[in-house]
Amino acid sequence: MTDTPPPRPPADPAFRERVTTSFAKQGLMETLGASLSAVEPGAVTIALVPGAAVTQQHGFVHAGAVSAIADSAAGYSALTLMPPGAGVLTVEFKINLLAPAAGDRIVARGRVVKAGRTLTLAQADVFAEANGAERLVAVLSATMMTIEGREGVAD
Amino acid sequence: MTDTPPPRPPADPAFRERVTTSFAKQGLMETLGASLSAVEPGAVTIALVPGAAVTQQHGFVHAGAVSAIADSAAGYSALTLMPPGAGVLTVEFKINLLAPAAGDRIVARGRVVKAGRTLTLAQADVFAEANGAERLVAVLSATMMTIEGREGVAD
Amino acid sequence: MTDTPPPRPPADPAFRERVTTSFAKQGLMETLGASLSAVEPGAVTIALVPGAAVTQQHGFVHAGAVSAIADSAAGYSALTLMPPGAGVLTVEFKINLLAPAAGDRIVARGRVVKAGRTLTLAQADVFAEANGAERLVAVLSATMMTIEGREGVAD
Amino acid sequence: MTDTPPPRPPADPAFRERVTTSFAKQGLMETLGASLSAVEPGAVTIALVPGAAVTQQHGFVHAGAVSAIADSAAGYSALTLMPPGAGVLTVEFKINLLAPAAGDRIVARGRVVKAGRTLTLAQADVFAEANGAERLVAVLSATMMTIEGREGVAD
């Protein structure tokens, strides 16, 4: 979206370590075999290798697994721009599934569209890589909330 | 929604076995430790026990895991009303997360709002059970598609 | 949704007048010929009479007009439970359009699903009345925000 | 979204006239004072001048009016790629409202993300123009359906 202004600079110089440490605490990401591929200010990428552990009934990657990495990619994109000590929670997201998710790797690229004081809009595009090409399989838009001063909810 | 007309009768008398068999093929459900609690015409319930394997960074059940069981509950609700041989795919869903998902058990109750020939709208309410009480933690609305005559996409 | 706890009592005893006065300021509602049918704590109904002024290209009521009354019904449902002086703004909504909106009257019934301090989830069901019967034509789910202390944003 | 492949070429060489003629039948667009700004294959822009006829209670452009032009922009983007004789209907959309819609002009830029045989995903970004600058105020994602052979539903 070339018309969108660039995201504001990160509020926390330690954004990369912060996302990495938080990601390591997401038990679900380990369970799904997902990994953090890139962490930039306002943009985070998470990837998943399809396998029997994440399928739906036809053998494709389950919409829930696609949603999980897309939601995490969007949420961590938002977190990179939040003040130190704040935590991120997903308020809502919508995902459109455009094609069956299958191939060598499923990659969710999250980015901040608009960062506000309380709410941030982030989107993620999800691609399936197969035979060296990639295909858009899903798009997600999410409202993320900055949580401050709530015990147990940091990063 | 008392104003909604009741869902039409199931097209397939074997709807219960059909859902059970299809659910068993969803590798993700086994990975998440989710189980099928109830299968009725136009209504399916799926439950999950919170644990380290499904958490996000603050220790709550990850929005992706909540979405996974809510999407499956909604999708199988739709499948109960589809003609024999047809398959169900999720076109899109939106989920609002109302409270952290934590407790003894997370239960997603799906139901068909309107079943059409090609598209079905299904919703799911997700509850967290703790200390004998339950609390609404998420609501999902999804568009499901009836797929006919595509190889590999049945049930 | 019989499992949903009842909405909390209204914070403002003057909720009915408050909604009525605010509704009268919505120029769009007058433009669309929409009217306020019912205002209860956590539940507001808005109706519209189909006509040439609100159509899309096939002669049905435009999805934008359906959305407008559904969004207002959901937003005012939320407002009935907000503290005096607070204003309501829509953060996001999703609408599924189930059948062409046509008939004698289009009625959007909004209700609060969960009222929080900052964010409220509200839903609206939209019905088309024709020949004495009504048919569900759309369902909307919306995140509403309580705005306090911002000049010009009350009610 | 630089990763998205370009939309397929339009199926109907008369796409521009088709959209223009259909738009002229949308009574709601005339009622809102909206106009068609650009029609390209897979991309349509619609604009609105804010005024008392389209406000919500705080004087901003109503979310319903923003949604109406965004939905039409998305839907007509999809229509440019549909076969002659087919009609377009909105299945669902979600809109995130990022900032109050106010200014000299509100512009909704729709584009096709993926065109399928039955369903098309289209998005629209909505900008508010004021003092020569523009600001992103809303983003919409919509599922559009190609309708063939249904009387009264063409274009």
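Order as written gives the chain letters A, B, C and D; numbering starts at 1 within each chain.
Basically, a residue touches a chain if its C-beta (ideal position, glycine included) is under 8 Å from a C-beta of that chain, and two chains touch if they have at least 3 such contacts.
Please read these numbers as outputs of a predicted model, since none were measured by experiment.
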Name the chain pair with more contacting C-beta pairs, choosing from B-D and A-D.
A-D
Per Cα centroids, the chain farthest from chain C:
A
Copies chain A and chain B touch via same or different residues, half shared test
same
Mind checking the centre-to-centre distance between chain A and chain B? Centres are C-alpha means, answer in whole Å.
23
For chain B paired with chain D, centre-to-centre distance based on mean C-alpha positions, whole Å:
32
Rounded to the nearest whole Å, what is the centre-to-centre distance of chain A and chain D, using the mean of the C-alpha atoms as each centre?
27
Two or more other chains in contact with one residue: find those residues in chain C.
91-92, 94, 96, 143
Residue positions on chain A within touch of chain D in the complex are 1, 3-5, 94, 96, 98-99, 109, 113-114, 116, 121, 123, 125, 127, 134, 136, 139, 141, 143
Would you mind writing out the residues of chain B in touch with chain D in their complex?
91-92, 94, 118-119, 143, 145
Contact set on chain A toward chain B in their complex:
22-23, 25-28, 30-32, 51-59, 62-65, 67-69, 71-72, 87, 89-97, 100, 152-155
